[in-house]
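Letters A, B, C, D, E and F mark the chains in the order given here, with residues in each chain numbered from 1 onward.
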Amino acid sequence: MKTVQLCLVTVIAESILKERLIQDVRDAGARGFTITDADGEGSRQRRVGAILGANVRLETIVSKEVAEHLLGILSAEYFERFAVIAYLSDVSVIRGEKYV
Amino acid sequence: MKTVQLCLVTVIAESILKERLIQDVRDAGARGFTITDADGEGSRQRRVGAILGANVRLETIVSKEVAEHLLGILSAEYFERFAVIAYLSDVSVIRGEKYV
Amino acid sequence: MKTVQLCLVTVIAESILKERLIQDVRDAGARGFTITDADGEGSRQRRVGAILGANVRLETIVSKEVAEHLLGILSAEYFERFAVIAYLSDVSVIRGEKYV
Amino acid sequence: MLDVLRINLCSPLTLSFALGVFARLVRSELALPRDLYTGLSIYLLFALGLKGGVELSHSSLAEISGPAFVTVLLGVLTPVSAYLVLRRLGKFSVSDSAGIAAHYGSVSAVTFIAAQQFVTSVGAPAEGFMPTLLTLLEIPGIQVALAIGAFQLAADSKSSEADENAVPPRPFKEILHELLTSRSMLLLVGGLVIGVAVGEAGWKPVQPVFEGLFKGLLTIFLLEMGLAAGSRLGDLKKAGIFLLAFGILMPIVHGTLGAWLGSMAGMSIGGCTVLATMAASASYIAAPPAVRMTLPEANPTYYLTAALAITFPFNLVAGIPIYFEISKRLCH
Amino acid sequence: MLDVLRINLCSPLTLSFALGVFARLVRSELALPRDLYTGLSIYLLFALGLKGGVELSHSSLAEISGPAFVTVLLGVLTPVSAYLVLRRLGKFSVSDSAGIAAHYGSVSAVTFIAAQQFVTSVGAPAEGFMPTLLTLLEIPGIQVALAIGAFQLAADSKSSEADENAVPPRPFKEILHELLTSRSMLLLVGGLVIGVAVGEAGWKPVQPVFEGLFKGLLTIFLLEMGLAAGSRLGDLKKAGIFLLAFGILMPIVHGTLGAWLGSMAGMSIGGCTVLATMAASASYIAAPPAVRMTLPEANPTYYLTAALAITFPFNLVAGIPIYFEISKRLCH
Amino acid sequence: MLDVLRINLCSPLTLSFALGVFARLVRSELALPRDLYTGLSIYLLFALGLKGGVELSHSSLAEISGPAFVTVLLGVLTPVSAYLVLRRLGKFSVSDSAGIAAHYGSVSAVTFIAAQQFVTSVGAPAEGFMPTLLTLLEIPGIQVALAIGAFQLAADSKSSEADENAVPPRPFKEILHELLTSRSMLLLVGGLVIGVAVGEAGWKPVQPVFEGLFKGLLTIFLLEMGLAAGSRLGDLKKAGIFLLAFGILMPIVHGTLGAWLGSMAGMSIGGCTVLATMAASASYIAAPPAVRMTLPEANPTYYLTAALAITFPFNLVAGIPIYFEISKRLCH
C-alpha cells in the first residue's frame, strides 16, 4: 500500500490550556488532531488531581512546514511560562492528501 | 540490550467501532493491542461527548506484513464511511518474538 | 528551529504497578514522564475493568543511555511475571537540555 | 391549556435543559464528565425498569394485551411513514431517510419520563404497565427502518451508494443481537423482570434510590441533554427548513395516531397521552449507534439534530400538553 | 428454610448480580464506567464505617473484646486451613495456594453487607459492632497467607519459583503499609472513627446519603459485580473441578467455624450468622492487588474466579441462609 | 464558644476533611476518581443555586439591596487589601501578590456552605438570599486582582516580568467571558434563576436530591478536599512563615470587615456570620484557573497552598465560630 511520510507532533500540556492549544493547532494549519487526558511530571511538580486539572496529550499529523510553524507558536507562547512540552516523530500514512 | 525493529500501527476511530476494530486487529494477526479513550477533530466534525461517544486510540506492535494487512482491512472497511485514521511508525522492542 | 534527537520509551503495564514504575523511571534518571489510562490485550488475557484495574501507558523522553538503563530495570523486574511491555522510538525535541 | 403549558415550562426538567442549551450558546466550558452521563443513563433506565416491574406485578395480561398490540403496531407504522415523508417529500437520500426514520420509529426514554411526570402532575396518571410498552416500542422501529434502508440500497444498484462492500459484514442477526443486548434493553427489561420478581416488599428498601432520586437526577441528566442539543443548534441551518418542519409536524402526526390507537385499546387519558408521546418521540440513545454502524452513509448531523435539537425540546415544551389535549378529546 | 431462601433469592441484590452475569452470557456491551465502580466502592466502604461507628458509640469494650478475639483467631486459622487444603489436596503450586488462601483468609465487604441485610430481614439483627469486626478481619488473613507463601518459596530453593530476584524489593513492612493504608482500610477505619466521634447528632444530617441510599446503590454495585463474575465464567473450566468444590465447601467449613466461635464468644444468632459469613467469604477488593504485587507467579485466573465467580454467588444465594441455620442450632 | 467549637469540630464535614489529610500523610493511595470530583462540584453548585433561588423567591428587592451593595464593596476592598499586604509586607512579586489576592478577593463555595450549616445548627439561620450574595462576590474580586496585576506589570517595565508577549492574546473581555461563563457561575446563577422560576411547587419533587443528599455528598467532597490539601502540606515550608500567617490573619481581618458591613446593612447574626465567612474565605474553584491562565508567572504553590491548605481548614475549624462570635457582638 502506498504510504506518505508525515510529521507527528505530540504536545503535552497542563489541561487548562486545552482550548487555547486546539486553536493554535488549527491556526498552524493542521487538518485534525487527537486529544487524550494524561497525568505527568516534569521540571514542574507532579500534575494530577482535581483543582487545576492534570495534563492533556494532543497529537496532530502534519507536514514538516506546519510542524515547524506549530513548534514556533508553542515555544513563543507557552514553553517558559506553562507546563508544556512537544516532540516530533516520523509517521507514514496512506491518504497523505488528507493531512496537508 | 538486543532490540528488534517492528512496526507500530496506531488507529484512531470513532468509539462505536471499538469492538469491530479489536476483531480486525486479531484477524490481521496481531498478538496484542492497547486502547485509550480520545477526543478529536478531523475532516468530520469535532468528536466529543455523549450521544455517539468520542474516539478510541488503538495501538498495536506488529511485523511489517501484519501492518500492511491491517491497513488493507481498515481502508477497505472504514476509511470512506467512518471517522478512522491510521498511521505507522518504527519502534524497537526487546523480546521481538513476543510480537510476531 | 534547532531540534535534538532523543529516545521515547513507552511502557504499557498493568495498573497496580503504576507507582512502582514511576519510581523506576525516576531511578533510571528520567527527568519527567507522562501517564495515561489504557485497556489492552496481549499474551495475558484482555485487561479491562474493575477488580485488578486495567493498564497504564507511561511515556518518557530520555537519552539513549537512560533508555537502555530503564529497559534493563523493566526486563529484570517485570517482564516475566507481570503484564508489561516497553518499546523505543526516536523523537526530536527542542530544548534538548530539558530532558537529559 | 395555558395553565398546563405553565406547569410544563416551569418544571426543573425543562428549565435545566434550557440552561444546558444556554450554556452552549454563550460558549461556556460547562460539561458533565462522560462517565457521569453514562452513569446517569444507566440509573434512569434501570430505575425505569424496576419501578415499571413493581407496577406491572399488579396488572393482568388481559389489561396489557390490547395496549401491547397497538404499541407494536406503532413500531411498524411510524418508521414507514417517517421514511416515506423524508424520501418523497424531503428528497433525502435512502440512507438519510432510513437513518432518520429509525430514530422516529423508536422512542426516547427521557421524553417518556417527562410525559409520565406530566400526566401525574395534572392528575391523570397513566397505567402501571407503560414502561412495559416502552420496551416493546424501543426496537421494532429501528429494525424496520434499517431493513427498508438495506433493502432499498440493494435495490437501486445504479445509485452511488450501491457498492455495499461494507454492509455484508453486518448481517441482520448481528444488528438484532446488538439491539437486544444493548445497554438500554438489558437495563429496561432486566429491571422489569427484577421488579416483577421482588414486588413491593423488595422494592421498599431500594425505593429511596430508584424512586426518591429519580426526578432530581433526571434534572441533572437534562442539563447534559441541553448541552448536547445546544452544541447542535449550529447544525440547524445545515439540517434545513424541511427537517425543522419534519421534526415538529411528524411528531404531531405520530402523536395523534398514538393517542387514537391508545383510545381504541381502551387506555386512560393519561395512558393515551404517554403512548402518544412515545409514538411522537425520537430515540437518541438506542437508535444513533445502531444507525451509525449499519448505515454509515447516513449523515449524523441530520438525525441527531432532528431528534435531539428539534423534536425532543418540542415534545418537552409543547408536544406533551398537545397530546394530552388530543387524548382528552379522544378518550371521552 | 425454604422461605428464608426465597427472601434471599428475590432480593434486588441477588437479582441484579444475576442480571450482570446474564448480560455477559449474552455478550452484551453493558458496562459500568470504571469511575462509577470506584465511586460506589468508596461510598459503600465509607458508609459502612460511618454507620458502624455510630452504632459502636453505643457498645462497651466489654461486649466487643470476646467477639474481637475470635475474629482475629479466624483471621489466622482460615488462611492456614485454605492453604493446606489447596497445597496438599489440590496440589496447587505454593504461590497459587498462598494467593488463593489470602483471599479466603480476608473478608468480602459486600458479602458482609448482604449478611447484615439478611439477618435484619429475618428479624435477627446482628450486634452493632459488626463493622468493627470486619475491619479486624480484613488484613490478618492476607498477611498470614502471603507470609506462608514467601516462607515456603524461600524454603524449597530447588523449586522453579526459587530465584526470588523480584521479591526482595517487596519487604513485608512495605506490603503491610500498603494494606494498612489501602483504600478499604482507610475508609472503613476512618468512617468508624468519624462515626464514633460525631454520634447520633452528627449522623442525622448525613443519614439520607449514608443509610438511605445504601441498599439502592449496593444494588447497582452488584450489577457490576455480576458483570465481573460473568466475564470469569469462561475461566471456570480452567479453574477446574477441584477449585469449584473448594469454592463451595471451604466457605461452609469456615462458616461453621465462624458460627461456632461466635457462639463461644456469646454473640447473638444474627451476630454469629454475620461472623460466619465473614469467615466464609473471600475478599476481592483488598486481597487481589496485594497478592498480584507480592506473589506475581500466582495465577489471577484461579483466585479471582474462585473468589468472585464461585464463592461470592454461593454465599449470596445459599451460604448466608445456611450459616443462619447453623447459627440457630449453635446459639440456642 | 467552646461548645460552638465542639459542634464545628465534630461535624462529619470537618472530620472527613481531616481523614483526607491524614490519608495523604500516611501516603495512602486513596483517591477519588477525577470525574467523581467534577460531578460532585457540579452537584453542589447547582443545588446551592436551586435552593437559593427557591428561598430568593420569598424575599423582596428591598431586603436584598443593602446586603448586595456591601457584598460588592467587599469584592473590591478585600483583593486590594490582600494585594497590598502581600506586596508591601510580604515582598511577593507583583504576579504572586495579584494571584494570591485574586483568591482572597473571591469566595469559597464550600466554606460558604459550612458557614450556612453552622449558623443553622446553632439556631441562627442566615437570610434566604445568601446564595445570591455568593454569586455577587465570586467574580469581582478575581477581576480586580487580575487588573491590579496586569496594570502593575505594564507599569514597571524594567521588571523582568515586563515583556508581556503572552498577555496580549488574553484581552480582559476574554477573561471576563471565561469567568462569567465558568462552570461555577453558570450553575450558581442558572440554579438561582430556575429556583426562582419553579418555586416551592417545582422544588418539592427534586428536593430529595438537591436538599436531602446535600450534606452527605458534601462530606464526600470534603474527603477529596482533604486529599488535595494534604498533598500540599509538603509545600507549606516553601510557602514560608509569612504566607502561613497571612492565610490565618487576613481572613480574620476580612471576616471582621464582612461582619461589620453586614451589620451596617442590617443583616441578622447568622447573615453577618455567613457574609463574614464569605469575605474571609479564599476561592479554589473559580480563581485558580483564571489566575493560572492570566498570570502564569504567579507560582501556583503559593496561591493553592494558602487557599486550600491554610485558609480553608482554618475557616472550617476556627474561623467560622470566630466570625459568629464577632457577629454576635456587632449585630443587635
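The definition used in the following text is that a contact is a pair of C-beta atoms (placed from the backbone, for glycine too) under 8 Å apart; a residue touches a chain by one contact, two chains touch by 3 or more.
For clarity, every value in this text was computed on a predicted model and none was experimentally measured.
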Hopping only between chains that touch, the fewest steps from chain A to chain D number 2
Mutual neighbours - chains that touch chain B and chain F alike: A, D
Which chain is most remote from chain E in terms of Cα centres? A
Maximum distance between Cα centroids and chain F occurs for chain B
When the C-alpha atoms of chain D and chain F are each averaged to a single point, how far apart are the two points in Å? 42
Whole-Å separation of chain centres (CA-atom averages), chain C against chain D: 46
Where chain F touches two or more other chains, by residue: 29, 32-35, 208, 212-213
Residues of chain C that touch two or more other chains sit at 36-37, 89-90
Considering every pair of chains, which are in touch? A-B, A-C, A-F, B-C, B-D, C-E, D-E, D-F, E-F
In their shared complex, at which residues does chain C touch chain A? 1, 3, 6, 8, 22, 31-37, 61, 89-95, 98
Can you check the complex and tell me which residues of chain A touch chain F? 14, 16-17, 45, 49-54, 76-78, 81-82
The chain E residues in contact with chain F across the complex are 33-35, 38-39, 42-43, 46, 50, 177-178, 180-183, 186-187, 190, 193-194, 197-199, 202-203, 205-210, 212-213
Applying the document's contact rule, which stretches of chain C touch chain B when the two form their complex? 10, 12, 36-43, 55, 57, 68, 71-72, 75, 79, 85-90
Tell me, which parts of chain D touch chain B in their complex? 31-32, 34, 37, 165-166, 169, 224, 227-228, 231, 284-285, 288-289, 292-293, 296-297, 300-301, 304, 308
